[in-house]
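The structure appears right after this line, and notes come after that.
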């Protein structure tokens, strides 16, 4: 399907919470698409506060339903707890699309715009770990966001799965700890990991806050030679650590593109130009063609896979950080 | 006529005025506001906090505070999920959860009464402690095991448009008004709040009253946790995180003195309505996140200033008439 | 003459805390391998530096029978604000940056103080409100941007790892020294100046303080100003240590600082406690947290449950011992009562 | 709005001790609050050393050299005794010199004849010791005008004499002393001139020689008061109600033994801090005893809590009205029915307001509580009327044994006579009364027998004619004597 421009749909883009850079980037992408498609309706960027994320997301979804919005794009932070609200939004005829982080059970969700393949995330992380630690391998630990973050949990699970392959047999995952996406907590957790596991060689942080905090902690304590940091990070935040070898390698995708793609998919469904069934193909403006497919990483649910991963290292990080 | 005037100048009168103002502004601002759906929704979305606010009013009037309610709520919900997951029958699991609530409350009460520690300190510690136990039970999982009747009970209306939680709230509200206003126990709650040594010297069993209150707070928090689990259909370790401050805000805005000894359920219910309507009105006007919290904060401070302005005004009048 | 003679209540409290800290060290060194080493000192001292400064600010307020729940938001705001300024004007003098942080903090504390002292609104209400307001201000001001380490000047990034003195692998960091200066300064102010003593008096019996002609309102305002200033300083330290500042910076610090203060034996109802005590409270909590994290036997998830319980137990121990002490005074008094 | 003071004039000269007397609620305390800048007058002026002054805070009063000891002691419980004395000194400077402060405090207190540990926190002090600290504080200020609002209300003879010594010394140093007391003996002993207030109005100011006792009372009360301290008729009392044997509490009191009969009033005398209150508290279960036997109606009982005491028919009326006696923001009615609230509960635990009201009405008439209405806040009544409310509160529990702790503390002559009448009446109706009082004439007048305590020990029980001021004092001061 190629989108017909100028059809009206009031849409809402909902991040996990307000005040985080990557979500703002997604908003930029969505706004870009909004203009491009000349939607006479409105695009609102509404989100809760970090302290009140779960209840706040549910509240915003419910209010959007009451307001009679045509569609909502959710970066879900509430796990399955948002499902009842999502279902009743669907019952009222609203389009519910998730991005960044899906509803695990897929209940109430029409489509998930996956930034990358979640299984691939696991492999990418395992590969980075292998690259950094070398064939000799050794101990490494994961510093995640909160224990409740669905996408982080999925990635970690995928990584554990990937690690079973013989290629990674020298890598030894010793612990998973949580920094709640707060700099101070992540920083302290990273240091504690070093103390707890004297032979630790790597901290893998699949969260932009965690990876930056961990890299800084290692740098401040002069541990960069001993313990490296890797994971998912923003080039702008990581560039100095990559250059001084504290975090030689990390990965991410474009959040601007993710917002852009999510908007296209949601617009098409909300305006009735697309049904959102497996096999459908649509054109997302400058990003080209995408196909709706069954999500292989979840029991239920459909997804659109954006991809690809960009793995950053000394060679490309500076350019990307501009 | 005199009475009406006098009422309007009382605290409750002031709150009433603010409430009417909020409702009118909302009604003008959004067509959806006055719909039955929205009215029920705005209640349902915060019903757990609102229920706990009732018992919190008792505790603050008693010159104590309970910061652990939200953690207890999370603990009870997680315990429910854990128990059902482990194969317990629903009735057993529910009863166990309520028991956990009572025991937790009793535990708080023990330190406050027999060990004579300030409740702020005890419940601050248990805010961390109960939350920790909830985490121990569910770890990084999201447990989704409830039978469908349980979820329906939490999500579907059962009496007219009213869901179970709202009905429970109204029953508890009536009970709270009667107990606080018209019973001997209510009188004791006030007297102890005014001066607990004096109450002891008057032959009142101060410790018993306090123990009962803390136990009830635990019990009702557990009940709220169960309702929360039913409404969201699944449980996670972060349920109700940070609710305690919202709950306390509602109670204080209702004119309950933080120093104990004064306040009424009537004021609390008005302030609950104000907070809910204000939040809902803002959400409907697409004001979310921190701005919403900021407005509530501003309201809390400015409303606390009104009685002082009143006395100032009166003294001004008095000095002028002289 | 018993050895306890001449011990003031604060002194005893501090002694009890020191014993508790020693106890924690002993217990954990028996269950954690390689526990007692220079690294532990470095870790705990560096992370306690922030919380201790904040806790001392909180102490000033708590002594006057008030509480400041907005400190977390003040820390977050100043950290972001100063970080933002430094990213733009990288050549700003370090001293100016510190003054800026302290100044912004003082201003915010001042707003709290005026509302509490002159508008007579209970502090818990005021600071519950400003906690939300200052955070809102931060979010609006930041516009979802993050202060990035890369944009910060070199000297700031080097600050947290800068050692003043090192003995072998034992490092005394500059930030830690800053914290020690604050502790000593405020300990002296509270113990040896009339201003400090009047703070105690006001918290102990506000009505009597008024009758005695103390400027209660001005004193309470001053306490809040100091608390704000120290929160601002903490904000600066936060910026230096963590570099990446988002809108969630400092969330939860308010309750942590209150916990440190009460564990440190500062009476939550005002009138007693000390800066040194608050410092020890911060150390004890941080030590517990740090040790629990490092204890292999204990899963990530058990930590908070245990931490809550241990906080409760240490407060209870303190209270039980203080009660004994009071009884001792009473008996002594009884023995020396009107000798006619 | 009621007016607390109407066109009151008062002159104070250096080197005089001026007594201010009047009934409860006459406006004495209010006048003092105005003199010290805590409250501001609506009208009128104040002239100090020839200059008109307007005081807007107590700091300004202090700067002028006016200091006051208020009716209710105002100590800082967390600070130690020495700091309490010196904290408000304006001349203290920026730095605190602890050592010097302790030495000075010790000296001032011993000059006063009080031996207190200057390093002990004030929270453990008895009311009397607190009062002593207050006095020491005021004296150490080197004042020109010293105002004392009922400083002797909780002192016994011994301390009162010490205080008077100090007052006389100050007088010689040309300080003007304004002294308020409801104990007329003291007024006649110490004052040079007396001012009488009644209902907020100035009645008279004359030198002490121009007053006779009767006349003074007449001017205060506005009517004749007969029957002042009439001695109690010796009478046969009924069966034994309470019997206490070897009652002890570690480090507090020991070896208390007495019997109490229906219709008997047993006085408890002793110096301040002789632990009389503690015995009362033990019998009421607030601070249970740790050894000894209590028998009630011949039954061995153990009293571990106030509820238990109340169920056994014991009532205890505290000496600290403000902190322990009344719920100040609550209405008179709620206060009166509080200890016996269970009686007013209907089905479902609901309070029956009608019967509450009628009880309050009954006590209001019986004790002549002066109040606009029964829903008036107790905190807004004058001291004497508050005392009556407290009395009502405990009478309403219909106790068998009534422990009164300083029942007339801070109440005026008129009301005092009423209270005495009431105690007598209650005893005549068969109540067993234990009356702790520091007012010796009162103890003598009221009691059938007098138990004398010293430092937590029972020094003896004096029966009827044996009990005289002299015999009680000598026991209280430690001259042991064979007991009857």
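Think of it as A, B, C and D in the order they're written, each chain with its own count starting at 1.
By definition in this document, a residue touches a chain if its C-beta (ideal position, glycine included) is under 8 Å from a C-beta of that chain, and two chains touch if they have at least 3 such contacts.
All figures in this text were calculated on a predicted structure; none of them were measured in a lab.
Enquirer: With contacts defined as at the top, give the pair, B-D or B-C, that has more of them.
Expert: Answer by contact count: B-C.
Enquirer: Can you compute the centre-to-centre distance for subunit B and subunit D, using the mean CA position of each chain? Integer Å is fine.
Expert: Computed from C-alpha means, the inter-chain centre distance equals 44 Å.
Enquirer: Take the average of all CA coordinates in subunit A, do the same for subunit D, and state the distance between these two points in whole angstrom.
Expert: Here the centre of subunit D sits 73 Å away from the centre of subunit A.
Enquirer: Please work out the Cα centroid separation of subunit B and subunit C, and write it as a whole number of Å.
Expert: 30
Enquirer: How big is the gap, in whole Å, between where the Cα atoms of subunit A centre and where those of subunit C centre?
Expert: 36
Enquirer: Pull out every residue in subunit A that's touching 2 or more other chains.
Expert: 18-19, 49, 51, 147, 176, 178
Enquirer: Which positions in subunit B are in touch with at least two other chains?
Expert: Within subunit B, the residues that touch at least two other chains are 135, 139, 289-290, 293.
Enquirer: Send over the residues of subunit C in touch with two or more other chains.
Expert: 135, 139, 247, 301
Enquirer: So which chains actually touch one another? I want all the pairs, not just one.
Expert: A-B, A-C, B-C, B-D, C-D
Enquirer: Enumerate the contact residues on subunit D facing subunit B in the complex.
Expert: Against subunit B, the touching part of subunit D is residues 42, 286, 305-307, 309-310, 316, 318, 323-330, 334, 338-339, 341-342, 344-345, 348-351, 393, 397.
Enquirer: State the interface residues of subunit C toward subunit A in the complex, per the touch definition above.
Expert: 34, 39-40, 42-43, 47, 135, 139, 142, 144-146, 148-150, 160-161, 238, 241-252, 290, 293-294, 296, 300-301
Enquirer: Which residues of subunit C touch subunit B in their complex?
Expert: Residue positions touching the partner: 115, 119-122, 124-126, 128-133, 135-140, 247, 255, 258-259, 262, 268-269, 299, 301-309, 311-312, 315-316, 319-320, 323.
Enquirer: Residues of subunit B touching subunit A in their complex?
Expert: 30, 32, 35, 37-38, 41, 45-46, 135, 139-140, 142, 144, 151, 154-155, 231-234, 236-239, 241-243, 279-280, 283-284, 286, 288-290, 293
Enquirer: Going by the contact rule set out above, which residues of subunit A touch subunit B in the complex?
Expert: Checking each residue of subunit A against subunit B gives 17-19, 44, 46-49, 51-52, 54-56, 58-60, 62-63, 66-68, 78-84, 104-105, 146-148, 150, 153, 176, 178.
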